[in-house]
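Scrolling down, you'll hit the structures one after another.
First subunit A sits with subunit B, and in the next complex the same chain sits with subunit C.
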Partner chain A sequence: MRTILFLLQKEFLQIFRNRAMLPIIFVMPLIQLLVLSFAATFEVKNTTVSLIDEDGSTTSRRLVEHFEASGYFTVVHRTFSTAEADAAMQRGDVRMILHIPPDFERDLRLTGTAPVQLILDAQDGAAAGVVQAYAARILTAYSRDVRVDFVVPPPDPVAQPVIDVVFSHWYNPDLNYQFYMVPGILVLLVTMIGTFLSSMNVVREKEIGTIEQLNVTPIRKRDFIIGKLVPFWILALVELSAGLVVAKVVFHVPMLGNLWLVYGLTGVYLVGMLGLGLWISTITETQQQAMFISWFIMVVFILMSGLFTPIESMPGWAQKLTLLNPIAYFIEIMRRVLLKGAGFWDVQAQFWALVTFAVILVTLAVRQYHKVSA
Partner chain B sequence: MDAVVVRDIAKSFGAVRAVVGVSFSVREGELFGFIGPDGAGKTTLFRMLVTLLLPDAGEAFVDGLHVVNDYRRLRPRLGYMPGRFSLYPDLSVEENLKFFASVFGTTVEENYDLVKGIYAPLEPFKDRAAGKLSGGMKQKLALSCALIHRPRVLFLDEPTTGVDAVSRQEFWEMLGRLKASGITIVVSTPYMDEARLCDRVALMQGGRLLSVDTPDRIEATYDRPLFAARGSDRYRLLKALRAYPHAFSVYAFGDSIHYTDARETADPDELRQYLRARGFEDAEVEPIRAGIEDVFMALMQAQEEAHDGHH
Partner chain C sequence: MNAFRGFVLKEFYHILRDRRTLVILFGMPVIQLVLFGFAIRNEVNDVRVLLVDPSGDYVTQAIKSEVLASPYFEGVGHQTREIGIERTFQKGRAKEAIIFEPDFAHRLAHEGVARVQVLTDASDPNTANTILAYTTSILQDYRRRLASGPPGGVRIVPEVRMRYNPELKSVFLFVPGLIALILMLVCALMTSITITREKETGTMEVLLVSPLKPAQIIVGKVIPYLVISLAIVSVILTLARAVFQVPMRGSLTLLMLECLLFIACALSLGILISTRSRTQQTAMMVSLSGLLLPTVILSGFIFPVSSMPVPLQMVSHIVPAKWFLIIVRGLMIKGVSFADIWQETLVLAGMTLFFLAVSVRNFNDRLA
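What follows is the complex of A and B.
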C-alpha cells in the first residue's frame, strides 16, 4: 500500500513539473468545450437565396417575406433569368434558388394550388436536408395562411381533412443544441485526457529506460498498474468538474440528475478508458506509436458515438458496432442524467456495459504488462 | 557459497543467438568483469541475471536464489544499473534517490553510509533535474540509486561507456571501495584497460565466453613472441609486417602495431632488418608483454578460424 503512495507521489510530481503538458491538460479541454459547443450545431442559419419572382404579386411577395422572416433564409440575389440564378449558385454565392412562376397568385386563387420551385445546393447532403425541412415547414404554414385568405368560408373539414400535428419537445423544449452537445463534448474531453495521457505514460517509461529500473524493484504488478491509473483517474475527474462548471455557467445546461451519480458513473467509465490507454501503452514501444493507436481508436469511437450523428441514422451493422463503443454508452448516460434527470435505475443497462468494458480492458492491460520479457 | 552461479545459460532472439550456453561463477565479494565488444551478448546475459529476461535454456542463481523461480525474493537483493541512463530526467537528483529507496521499502537515511562516498559530490546539486546533470554525475546518481537498498550483488552494464577518462577512473575507485564493503560486483565493459581493475574477468565474444580467469593469468596464456613496432607511415608498416613470412597476427594498437610471430621464439633484430630492407629507416621494434587485449584478439582469431573450419 505504501508503495502505491510513493508511485502516486512520483507521478504527480512529474505531471505538475511538465510545463508543456499542464496547459494542455487543463486549458485546452476547456477551450475545446467552449469552441465546440458553440460551433457544433445542427442548425443551418442564413441560407443565401437567389430569388426569381416572375409573378411579382402581393401573394408572391408575402411568400418571400415568410422565408426571410424565419431567420433561416436571406435573399441576396434577385433576377428574372434562371441562367443568372444558376450562375450565382455555381459561383457559390447562393445555396438555394426560389423560383416563383408567373401566374402564381392567379393559379392559387382559381385552383387553390400553385407550384413553387426550390433548387438546393446539396453538396452537404445533411445541411441540404435540414434546409429543405425548413422550407417545407414555411411553405406548409404559408399555404394554411393563404387558404384562410382565399377560401372563404373555410374548406369543409370532411372533404379536406386537415391533420394538425402539434409537436412538444420534451427534455429540451427549446431544441437548444448546446444542451444536447455540451454533455457529449464533456465526455469527449474526459475520454481524451484519460486515454491519451495514460497511453503515453508507461510508454514514456519505456522510452527513457526507467521501466527496466522499476522492473527490477520488488514493486508488485498490481501496485504498478494502480499507481499508473489513479493519477489520470483523478485528473480526468477534476477535468469533469471544470467542464461541468463551464456547462452550468456559460451554457446554462440544465443539470436535473444527481451530480454524485454523474461522478460515480464517470469513475467507472474512466477505469475502462484508462485500462484501454494502459493496454495501448503495453503493446507499443514509443510515445509516437501509442499516440497514433490511441488517436485511431478514439476517432472511430467518437465518430460512432452518437455525438455528432445520431446512432439511429446509422446503417444496421454500424448500429450494432456501437454496442461495443464505451463512449456511446457514456454519452447516453450523461445526456440522460443531466437533461432528463435519470436516476441510477434508468441508466442501469449502460452502467453494466461500462463495468464490462472496465473489467475487460483492465484485465487485458494487466495481462499484457510483464515485468519479465520472454 | 558463490554469489553468482550460471550453468549453460542460453538466449536467442529469433535467429540471433545472443548468448550461447554460458557457464561461470562469481565468488562472494569479488569484482568480476565481462569484457567484450558491442554485440558480444553482455547485456542479454545481465538482463537474464537480474530477472528481466527469461533464459531459453540453462539456469542461474544469484545470491543462492534461482533467477526464474525465486525472482521475487531475489529482486530486493539485486542492484542493477543498465547501460543506458535510466532515471527520471524530470525529477531532481534527490527525488530520484528517494523514489528508488521508497520502492524498495527503505529510506535514504537508512543506507546513506553505503552511498555517501558516491552521492556526496552530488549533494550541492540535489535540486537539479537529473536530466540536466553531466555524464559523470548522471552515472554517480544512477549508481547511488542502484545501491540505495543495499543490494548483495550489484550488476553494472557498461557503466563507463560514454564517460570521460577522469570520471571513468573515479568510477573504478568507487567500485573498489564498494567491494571493500562486501558487495559482490559484476561489471561489463568494452574497454580492455578496465579489465586489469577486476579481480577476475570473462572475455566474451559472439555469445560465448572465451576465457575466465584473473587478468594476470589471462595475460600469461599468451605463448607467442609479441613485438610492438613503431614507424612514421603506420599503414605501410602494417602492410609490410603482414607480408612478413613468419607473421601470425598483426594489429594496430593505439599508436603502435602489435606483431605476433608464428614461431616459438623470434628475434626482434631479424624483424628490424626486414623492415630496414623494406625502406622503413626509422622503424623501432621491441619485445613486449601481452596485455588482455592481445589475448582477446588471439582468442577471437582462434574462434573465427575454428568457426570457419566448421563450415
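What follows is the complex of A and C.
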C-alpha cells in the first residue's frame, strides 16, 4: 500500500512539475467547453439573400419584409438580373436567391396561387434543408395573412375539417441547442484527459529510458498500474467538476438527475478509458505513435458517438458498430441523467456496458504490460 | 549538399520504418471518408415514436399507418391510455409521442375539429423540431385528402432549387474539411512532434554539431512530411471522386497549388510550435487544442461559421483552415476561378509568411 502512495506522489509531482502542461490540462478544456458549446450548432441563422423582385408590388415587398422579420434571412443584394445574383452566389456573398416573378400579385389575386423561386447554395446539404424549411414556413404564414388582405372567404368547417396539432417540447421547451451539446462535450473533455494523457505516460518512460529503472525496482505490476491510472482518474474527475460548474453557471444547463450518479458513472467510464490509454501505451514505442493511435481511435469513436449527428439516422450496420463504442454509451447516459433526470434503473443497460468495457480494457492493458522490456 | 540528401533520406527511413504510424496516416483519411460518406447523416430518420390512441377508429388507424409507413418514424409501442410517457422518454425508448383524443373520427366528422397532441423529447432540439414538422405535415396531408370542395385561401408555391449539390450529400461538405484536417495533422502536428522529440531525447545537440546548418535540419525534417501529405491529398481526392462522386468543377492545378500553400502554412505552424515547446507532450497538446480543434470546430468544417456568435466569428478569421476551406469548396464544388478566391489566397499567404518569420526568429534564438 505504501508503495502505491509513493508512486502516486511521484506521478503527481511529474504532472505538476511540467509547467507547460498545467495550463493545457486545466485551462484548455474549459476554453474548449466554452468555444465548442457556442460554436457547435446546426441552427442556421443569418442566411444572406440576393433578391430579384420582378413584381415590385406591395404584396411582394411585404413578402420580403416577412423574410427579413423572421430573423433568419438578411437581404444583402438586390438586382434585376439573374446573372448578377448567380455571380453573387458564386463569390459566396449570398447563400440564397429569392426570385419573385413578374405578375406575382396579380396571379395571387386572380388564381389564388403564385410561384416564387428559391435557389439555395446547397454545399452544406443539411443547412440548405433547414433554410428551405424556414422559407416554407414563412411562405405558409404569409399566405394566411394575404388571405385576410384579399378578403378571400375562410373555408367551410365541415367540408374542410381541421386536425388541430397541439405540441409541447419536453425537457427543453425553448429548443436550446446548448443544453443538448454541453453534456456531450463534457464527455469529450473527460475522455481526452483520460485517454490521451494516460496513453502517452508509460510510453514517455519507455522513450526516456526511466522504465528500466522502474522495472528493476521491487514494485509489483498491480501497484505500478494502479499508480499510473489513479492520478489521471482524479484529474479527470476534477475536470468534470469544473466542467459541470461552467455548464451550470454559463450555460444554465438544467441538471435534473442526481449528480452523485453522474460522478459514479463517470468513475466507471474513466476506468475503461484509462485502461484503453494504458493499453495503447503498452503496445507502442514512441509518444508519437501512442498519440496517433489514440487520436485515431478517438476520432472514430467521437464521430460514431451520436455527439453531433443522431445515431438513429445511421444505416443499420453503422448503428450496430456503435454498440462497441463506450463514448456513445456515456454520452447517452450524461444526456439522459442531466437533461431528463433519469435514475440508475433507466440507464442500467448502459451502465453494464461501461462495466464490461472497463473490465475488458483494463485486463488487456494488464496482460500486455510486462516488467521485462523486450 | 550530399550531407543534406543523406539527412533527408534518414528522415524518410525513420518515417517509413514506423509502420503503425504510416498505416494510420493513410488509413485515417480513408476511414473518415467512408464514415462521412456512408455512416454519418445529418438528416433525421427512423425516429422511435410512441402512439397513444384511446379512440382506435378508422381515421386514427389510417393516420397511424401513414406515420409508421414513412421513413422518418419507427413505431415502438402502441397504447390506449396516456400513461408512462415520462418513463419512456427517460429510458430513451421513444423520442416522440403522438396522442389522439378520444372519439377522434366522430369529432372530426361532426364538429370539424379533432385534436392531436404531439410530445417530443426535446433534449435533442434539432430532432424534436424536425420530427414535429414531419408529423404535422403527415397530419395536414391526410386532412387535405379528407377535404371536399375547393380549397379556400391562397397559396404561394415555392419552387426550390438546390444549387451545387442537388442531392444534398453531406460528403460534399466534408471532403474539403477532411483535406484541411489531415494536412494540419500531418504537417503541423507530426512536424512539431518530430522536432521536439530530437530535443527531448537530446539528439538535437548531435544534429546541431554536425556540418548541417540549422536551417537545413529543419528543411530536411519537413520535406518528408510534405511528400507524404501530398500523397494523402491525392488519395483523398481520388477516393472522393471515384467512390462518392464529389465533383471537381474548377482547375485541379490551382487546387494543388492552394494545397501547397496551405501545407506551407501548416508546416510553419508546426515549426513554430516545436521551437516553443520542450517536450513532445506539450507540443502535442498545443497542436491538438490550438490547431486541430479550431480546424474542426471554427473553420466551417462541420458547423456553419455564420451561425456562430460574433466573437467566435472574429476568432474564426485567424484560423487558416477557414480560408482554405472557402478556397477548396469554391474550386471543387462551385467551380470558381482564381478571380473569385484571390482574397482568401492572399490572406493565407500572409499568414504563412508571418508564421514563417516568427518561427525563424524563434529558431535562431533558441536552437542555434
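Just so we're on the same page, the second predicted complex is superposed on the first by the 356 of 374 C-alpha atoms of A that agree within 3 Å, B and C clash if a C-alpha of one lies under 4 Å from a C-alpha of the other, contacts with A are read in each partner's own complex, and residues count from 1 in each chain.
Here, contacts are C-beta pairs under 8 Å (C-beta built on N, C-alpha and C of every residue); 3 or more make two chains touch, one makes a residue touch a chain.
Here the structure is a predicted model, which is why all the values come from computation and not from measurement.
After superposition on subunit A, the partners subunit B and subunit C are seen to fit next to each other with no clash. In the overlay built on the shared chain, the residue A:Thr217 is in contact with subunit B alone; subunit C does not reach it. When the two structures are aligned on the shared chain, A:Val249 is found in touch with neither subunit B nor subunit C. Between subunit B and subunit C, the partner in contact with more residues of subunit A is C.
In the superposed model, A:Ile208 lies in contact with both subunit B and subunit C.
Of the two partner chains, subunit B and subunit C are each touched by A:Asn18.
Touch criterion met: A:Leu7 reaches subunit B, while subunit C stays clear of it. In the superposition on chain A, A:Pro115 makes contact with subunit C only, while subunit B stays out of contact range.
Measuring only between alpha carbons, the smallest separation of subunit B from subunit C in this overlay is 11 Å. For the contact definition in use here, the residues of subunit A common to its subunit B contact set and its subunit C contact set are 18, 208.
Across the complex, subunit A meets subunit C through its residues 18, 20-21, 24, 28, 31-32, 35-36, 38-48, 63, 89-92, 95, 108, 112-129, 132-133, 135-136, 139, 142-144, 146-147, 150, 152-173, 175-177, 179-180, 196, 200, 204, 207-208, 284, 286-289, 291-293, 295-296, 299-300, 303-304, 308-310, 312-315, 318, 321, 332, 335-336, 339-343, 346.
Those residues of subunit A whose C-beta lies close enough to touch subunit B in the complex are 2-3, 6-7, 10, 13-14, 17-18, 208-210, 212-219, 371-374.
Per the touch definition, subunit B reaches subunit A in the complex via residues 50-54, 71-72, 75-76, 78, 80, 82, 84-91, 95, 99-100, 102-105, 145. Listing the residues of subunit C that touch subunit A in their complex gives 18, 20-21, 24-25, 27-28, 31-32, 35-36, 38-48, 74, 87, 89-92, 108-109, 112-129, 132-133, 135-136, 139-140, 142-143, 146-149, 151-170, 172-173, 185, 190, 193-194, 197, 200-201, 277-282, 284-286, 288-289, 293, 297-298, 302-304, 306-309, 312, 315, 326, 329-330, 333-334, 336, 340.
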